[in-house]
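Two complexes come next, and they have one chain in common, subunit A, joined by subunit B in the first and subunit C in the second.
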Partner chain A sequence: MNAKIKDRIATGMFYLITFLILGILIGLIGFILYRGIKVIDWEFLTEAPGSLLTGGGGVGPQLFNSFYLLILTMLITIPLGLGGGIYMAEYAKPGRLTKMLRVSIEVLSSLPSIVVGLFGLLIFVQYTGWGFSLLAGALTLTVFNLPLMVRVVEQALTAVPREQKEASLALGITHWQTILRVLLPAALPGIVTGTILAAGRVFGEAAALMFTAGMTSPMLDFTDWDPSSPTSPLNPFRPASTLAVHIWKVNAESIVADAKEVASGASALLVIAVLIFNLFARWLGHFIHARLTSGSKS
Partner chain B sequence: MEQLVTNQVAEQKRPLSEDLKKPLPKILQAERRGRVLTYVSSWVLLLILFSLLIFITSKGAAPFISGEVSFAEFFSTKWNPGENSYGALSFILGSLIVSVCAAIVSAPLGIGAAIFMTEIAPKWGRKILQPATEILVGIPSVVYGFVGLTVVVPFIREQFGGLGFGLLAGVIVLSIMILPTIVSISVDTLQSIPRHLREGSYALGATRWQTISRLLLRTSLPGLMTGVVLGMARAFGEALAVQMVIGNSPNLPFNLLTPISTLTSIITLNMGNTVQGSTYNSILWSMALILLLMTLLFVVLIRWITKRREQS
Partner chain C sequence: MSDKIKVESFNLFYGDNQALKDIGLNLEEKKVTALIGPSGCGKSTFLRSINRMNDMIPGVSTTGIIEIDGKNVYREEQDLVQLRKNVGMVFQQPNPFPLSIYDNITYGPRIHGITKREELDMIVERTLVQANLWDEVKDRLQSSALGLSGGQQQRLVIARVLAIQPDVILMDEPASALDPISTERLEDLITQLKNDYTIVIVTHNMQQAARVSDMTAFFLNGEIIEYSMTSQLFTSPKDSRTEDYISGRFG
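What follows is the complex of A and B.
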């Protein structure tokens, strides 16, 4: 009997732990959204932050910067990540070099983001002479994101059934063509899902950006789309604070009058963005999978 | 007649059998180009890692080499940049203690949730907890810091007195942040235990708890340890969330309620405010080097644990 009672108690304990975690999650999301939704309106989404003393205004430039930086980062990361992932899955031969590559992917992906940020400060901000800039931020985020991308691509490629590759090679198709025409399309759902999830991580990153993309945003003229003009939002050499950095900054500078409201609204925006990224990644993965396999109707 | 002859000549020049022996030069070229492209992108990874190691190490070692700060001074607790004393020991201890405590709090919760997902309610438990942990992973660290600042810190202040900022607040925030890491790795480990081991245990009349505590936890211990160590590594390197709740005073981290500092919090706060080339600034790079070395140590530790698991 004793053992049975212990078993019951243990089962109860596991239920308790599960409900505790779910409670924390629901409380967390609920709190962020409840506090944030009140703040978010059209003005908050589009206007620049007001002056330090009066507060007011919104996070318009920060929101734009977050997306622009994400796009710049992905433009650099996706080709390199595809190349690295294809190499690891298809070309790497077991040996010292491959082992070294695996270790460096592991080390790079476990580096604290602040260390990556400091590396970016040293190389992309100081040595290149660009100063705090979007480009420096994007390159730093690439350092932070590339190992993840390589893993995503490699895993998606190795998950493709061996027979598909063998059938293609047996037809006399070269290895590279097999990779491009057979393996990559088959691995696409996994790659797309992984890429969007990685993008979500980039979107909320702050520690790596504080000292590379900077903590300020200049006055932007949203009618000026010439990338070489200093007030153009597209200029990659201007400093740019993102939403996540902005949250940290308004909290650290306790003089901002409405820090709590701005931070609540921006946090809610970030969490909503992350939830959308999550759902979208899953949906798109399923969608592509359905289109590529017998699920398609055409 | 003439045309036929030229055709024959052409065929003699390049018979079909020759064509088929070797792929077209164009295809071969694409093959080579593809190989080179992927090769280059994997070399970029190595290049990034090595330049990172070299640059951070040389920057971090500079104050010791130039003799501005001695090792003994660096590893002391006397921190007062105004009077040229740069002892970082209390920050190193702060980082260590806050991450170890977070792992201690988070490990039972994470492993418990993983057992719930694999052993107790595999169907609905998985369906709910899997997305839950994925959302927890996705929440940006500043948001954790902000919630810690607006919920956890005032709560501690009201319940236990003091400022609210400090070790306890840091541990609470970090233990939630590293929970998903521990859960997902524990789930993978528990799932890799062969089914027949469980069935053998149940067939001997063991209860579920006996099976879990005497068989599953022991068999999967190295894997579970990997998850906990990874979580600890994440907590050690976390910067902004910790900085927002830890209090940022250079105290020794031996009291749950006093404000302390960690390596990451001191770097975050001061890297932007100190003059390039000053001793204060250089010492921050030395702290970054300590962070880097600790990361390498964690990676080695995890490799060692996995290797032992493979051997046993």
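What follows is the complex of A and C.
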């Protein structure tokens, strides 16, 4: 066989594999949307689930919980992730300790989420005495979201050209000011994109939340915005089932009358949300990059 | 003329690897000193030792003295911020920040505490005029510095250095990424700047060293082989290795 024919076969194979992956992806998303989109209406988005036997209702509280939990998690993860990423990229000296740290971060990010969930149950639910709560869920999600964030920030920072950093340091600017004024702005598009992608993962997480944020939502009064009130949606110490957990729950409890419809609708909602996260991440990354490199306007 | 920079038995190590061996030379105030030599001879490493940019490379250690205005910059209480405000640096690749022309120049002064708009405006005009760039950019100070040509960027970077009012300017092969016309303008600028600043320039281009410098040091394998007046070093080198290098027999 001559090299030209081999080349053609190889090229053909790569096309085939690409289309195979693309086909699976489109088929999967298409199927979920096709099954789910007809279930989604205003009532489904806003109403609380009906009783187990009669079915009906929607996933309003679950939808709210998913977003609220995401925000709580990000509030904890982003500052910690920024700190950790800046440390790893700028301050950690090569050596044993840094190597160990890096391995630990990798291990942490590859732990099965159900194990992290059990750890959360032990520490954030039982040891703290909070019970199943949004805060316990957020902290548990932080455990495996944090390594991802650290890596996103570290990679974005180390991707900034060295010349930029040297230019600033050589002007007599301190290391910290250089990080703040030169490195972080230049790394921002990467950090934002990575953060939103990590958010997508948090949004779809179920296993780690079953034992931490819980599988039920109390009756919520969406007119009560006092975070200390037990029926307030904002109360971080109330249990909360998210969309992903809800999908699991209605299918696990076989008596739910309309389990199929609820699961289809909720799945479609999840997929749509994650798709929006991804597209938004790309757009925002480009937008910030364009803004930062075009100079200030006056 | 007095000596601005005095170097005495200066050694630099990358781990166990000695990159600079027993460097000793005095650099005169308001003169241009060129550092020449083949790649890897230590000339850039030496240049970066003067404003201690090598500090950030892990595993670098030094012995010996580099004095500026009679004070060892390697003494314990040396403030790096102060040192680098006093000793500006221009790099091989033009490295403006991805900001406007105006913000590039005011970046240093702002962080060093100048906030008044009129004062910043004055700094921008003064340094751009000094860097022979004012006429080309005065109408678009707020547009991105990345839109400038390579030669303009390099002059902008020099203006940015001038804005922090250094005494000494270090240049690490500043023209190596520029076309011949931009290089010529840069060399004119260097000649102008030496009226006010002490300049140390690393260059691969021997004609450039001959054109712009007053003194030249020839580096080889981490040592200074010869250091003398530029006119003398290029016309009647004392060391045969210098002669081999400047006549193009190696490097």
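Basically, the second predicted complex is superposed on the first by the 276 of 298 C-alpha atoms of A that agree within 3 Å, B and C clash if a C-alpha of one lies under 4 Å from a C-alpha of the other, contacts with A are read in each partner's own complex, and residues count from 1 in each chain.
Here, a contact is a pair of C-beta atoms (placed from the backbone, for glycine too) under 8 Å apart; a residue touches a chain by one contact, two chains touch by 3 or more.
Everything quoted here is computed from the prediction, not taken from an experiment.
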item: Partner chain in contact with A:L292 - subunit B first, subunit C second, else both or neither; value: second
item: Touched partner set for A:Q177, first subunit B, second subunit C, both or neither; value: both
item: Partner chain(s) touched by A:E106 [first = subunit B, second = subunit C, both, neither]; value: first
item: Which superposed partner A:I86 touches (first subunit B, second subunit C, both, neither); value: first
item: Contacts of A:E163 with subunit B and subunit C, given as first, second, both or neither; value: second
item: Which of subunit B and subunit C A:G200 touches, first, second, both or neither; value: first
item: Partner chain(s) touched by A:F211 [first = subunit B, second = subunit C, both, neither]; value: first
item: Partner chain in contact with A:A186 - subunit B first, subunit C second, else both or neither; value: second
item: Footprint overlap on subunit A, comparing subunit B with subunit C; value: 172, 174, 177
item: Of all residues in subunit C, those that touch subunit A in their complex; value: 51, 53, 56, 58, 80-86, 88-89, 91, 93, 95-103, 107-108, 111-112, 142-146, 157, 160-161, 164
item: Residues on subunit B engaged by subunit A in the complex (per definition of touch); value: 23, 27-28, 30-31, 33-35, 37-42, 44-46, 48-49, 51-52, 55-56, 59, 108-109, 112-113, 115-116, 120, 125, 128-129, 132, 134-136, 138-143, 145-147, 149-151, 176, 179, 207-210, 212-213, 230, 233, 236-240, 244, 264, 267-269, 271-272, 276, 285, 288, 291-292, 295-296, 298-299
item: Complex contact set, residues of subunit A against subunit C; value: 93-94, 161, 163-164, 166-174, 177, 181-182, 186, 292-298
item: Subunit B-facing residues of subunit A, complex; value: 3-4, 6-7, 9-11, 13-15, 17-18, 20-22, 24-25, 28-29, 31-32, 35, 79-84, 86-88, 90-92, 100-101, 103-108, 110-116, 118-119, 121-123, 126, 143, 146-147, 150, 172, 174-177, 179-180, 197, 200-201, 203-207, 210-211, 215, 244-245, 247-248, 251-252, 260, 263-264, 267, 270-271, 274-275, 277-278
